[in-house]
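Two complexes, one shared chain (subunit A), two partners (subunit B, subunit C).
Coming up: the complex of A and B.
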């Protein structure tokens, strides 16, 4: 869907990445790392200084025809709905601009306005809406013409928890039908929930690109298991544990999940004693990223 | 084609609605523009009370000259407000939105906004001056005159539109072009209210060949009024206004098409 070949532009320095069809890719990194630049390069608002960008196999800067039903871009600061219009007027304008048939459009509008819940203020003008309300309407506007590729820059800003999970639902469902999403976000739990792949940018370089599990097993493989035991403390001398400690009847074990699986440990414990409660905690994406940032990204290169 | 017309209709409805949302405000602002421009005329009126005429042009003929200038500007600004404000559109990032939509860029710029206050102020003044002067300058109105007048106004609109389009295009290369616009458009427009024959040759040259305001009002007025000072210029100039407008607009449009490929959005 999107192909970057040795692209340099502003902060970005020699980035190559391929984003396949039907995938939700989360673009993360500190402010100024070049996330928005990547989005703008993908939709053709920017041309690369060196290297090549292909979107749907075409150069997006020269092919403005791509925008028709193919790419939908949502960038903070580039609003899709006019300030003075009411929400429904804004959508009517979009319907006209993209030449969508009326009944079909209303079907989509009904569905989206119900999901994102902007139907109740559709007759208010956009400038009178709160940030969250506006975001919901704008996201609806970005989704309504069913693009093949959706580029989202910070879609979670201003959304409440319900909004975030609805967005996640919609994107996941759309991607099953073949839509591709490239989104930037600072909301790690959101990225973790919906993105099949994560692209991590630092200082203009792509330092990691792959699934979250991949990232975890490579850079933060330590899992923590808490077990509540009924009976005597089991013995695990020959297990490759990082450390363990006992506090009353609660046993806390940490171990490298690349070396041993939680199932194996649990099996061993159950053979020796009985257990009333188990919880396994993997490091969250957020903690992996902040941990990597503290340690510097050098080990990723 | 039908959906294009529909889209234009929608844009016009929205703009008109937003400009006239507060009625009193709209009336007062249009009136303010009207009065601001009219003061200049009143000053000239009082000056001419002392002099009788200016190189053979009496006060009513001067007003007729002014009426063409204001009328063409009033019509022009309905369509070209987006180009007048193109610099701020680019700087605010709104132009990016136009780019991301599947419609022509110039189409969107032209129809998304219209400065109706300027249109009513300038256009209203133009019509007022026309009504005051047209009966007193000895034009015998007939079919030919009327058709000539309509074409000439259209030509004048295109000439000024072309200048606006050209200056807007320069924004792609330079970030600020307002002072340039002040220099070659607004300053020359101050000269354009007078018969150009009173000026130094260098200014006349500028008004005919560089920023051709002379074709917006002076030469068309000469066709209708036939003053003596026309003998300084080729007679054909009186018929060229629509052609000058079309050619200038085409050149400006080609320059725009060529330049838009170099447009770059800001980073973040």
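Coming up: the complex of A and C.
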């Protein structure tokens, strides 16, 4: 869908990435890492300084007209709906612009307005809406013409928890039908929930690109297991544990999940004693990213 | 190219204008006041004489009501592009499946139509009832006046278009727009009828696009031009539209390139 070949532009430095069809790719990284630049390069709003960008197999800068019905770009802070219009007027204008047939459009509108819940203020003008309300309507506007490629720049800004999970549902559903999404976000739990792949930018370089599990096993393989034991404290001498400590009847173990699975540890414990409660904590995407930023997890490798 | 989105934009603009009624009524009053003040000044200047240099008082008032009326109608939104560059929404505009220039024209036409009906006509009626306005020289001349006025709008639009395109580089072009408007107002005859300009000045003005905005239609309306002269003047208008539009279009293309290379 999108192909970057050794692209440099602003902060971005020699980035190559391929975004396959039907995938939701989350672009993460600190502010100024080049996330928005990547979005703008993908839709042809920016031209690369060096290297090449292909979107739908074409140079997006030169073929912008061709894309207009295939790509939907949503950049937070850049309005899709006119300020003076009411929400439904804004949508009617979009229908007109994209030449979508009326009954079909109505069907899509009904569905989106129910999902994103902007139907109840459709007769209010956009400028009177709260940030979250406006974001819901604008996301609807970005989705309604059913683009093949959706580029989202921080779509979660201003959305409440319900809005975030609805967006996640819609995108997941759309991607099953072949839509591709490239999105930037600072909402790690959202990214973790919906993105099949994560692209991590740091200082203009693509430091990681792959699934979340992949990221975890590479940069944050340390899992923490808490076991409530009834009986003797088991002996772990042979196991490659990072560390363990005992507090009353609670045993806390941390270990590298690349070297040993939790099942193996548990099996060993159960052989020696009995257990009443087990919980395993893997590091959240958020903590991995913040640790990565500090350079904490790098030392493992 | 489908026309319906452009019509939708024109309609939106037309209806949008009707939302601010108070502002609109004030606009009409301001045009009328300007008109009366100018008429009184010229009445005083004439000091009772029926004509000066072959220009009669009714010609003056007719010039003012037509030029000011057209001035009210010909009001392209000079900040259409600058505003969009300023707030960054130019980005989404460029990714829309319709022509940006087409949309700009559509919105300006929607505006102009509204002003024609609700600004020009009321002012015209008030002027006819109070000061009196000459009838057009003939029905044919009136039709030619309409044609030439439309072309005048084209010239003014092209100037505004070209000036706006500099916003890609200058970002804030308030001063440039103000200068443009001063030129348009003074040199096109909507403040001082061009008859009273010195001969050399009129010679110079004939080589600028300004005199073809309001003054050409007014002259046609008053029957001061022969058919040959009308054809020539309209051709001049067409040439100005083409030349200025082309300059604007080059800037437009360069501007987009600049946007893509340097970012908005």
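The working rule: the second predicted complex is superposed on the first by the 292 of 301 C-alpha atoms of A that agree within 3 Å, B and C clash if a C-alpha of one lies under 4 Å from a C-alpha of the other, contacts with A are read in each partner's own complex, and residues count from 1 in each chain.
Going forward, contacts are C-beta pairs under 8 Å (C-beta built on N, C-alpha and C of every residue); 3 or more make two chains touch, one makes a residue touch a chain.
The model shown is predicted, which means the values in this text are computed figures rather than measured ones.
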Clash or fit: how do subunit B and subunit C relate after the overlay on subunit A? clash
If you stack the two complexes on chain A, which partner ends up touching A:64: first (subunit B), second (subunit C), both, or neither? both
In the superposed arrangement, does A:55 touch subunit B (first), subunit C (second), both or neither? neither
What is the contact status of A:78 with respect to subunit B (first) and subunit C (second): first, second, both, or neither? both
Quick one: is A:156 in contact with subunit B, with subunit C, with both, or with neither? Answer first, second, both or neither. neither
For A:46 in the superposed arrangement: first (subunit B), second (subunit C), both or neither? both
I'd like to know which partner A:11 touches here: subunit B for first, subunit C for second, both or neither. first
Intersection of subunit A interface sets (partners subunit B, subunit C): 10, 40, 43-47, 61, 64-65, 67-69, 71, 73, 75, 77-80, 82, 84-85, 89, 92-93, 96-99
For the complex, give me every residue of subunit A touching subunit B. 10-11, 32, 36-37, 40, 43-47, 61-62, 64-65, 67-69, 71, 73, 75, 77-80, 82, 84-85, 89, 92-93, 96-99
Taking the touch rule as given, give the residues of subunit A at its contact with subunit C in the complex, in rising order. 10, 40, 43-47, 61, 64-65, 67-69, 71, 73, 75, 77-80, 82, 84-85, 89, 92-93, 96-99
Residues on subunit C engaged by subunit A in the complex (per definition of touch): 2, 4-5, 8-9, 12, 16, 88-89, 91-92, 94-98, 259-261, 263-264
Taking the touch rule as given, give the residues of subunit B at its contact with subunit A in the complex, in rising order. 3, 6-7, 10, 14, 17-18, 93-94, 96-97, 99-103, 261, 264-265, 267-268
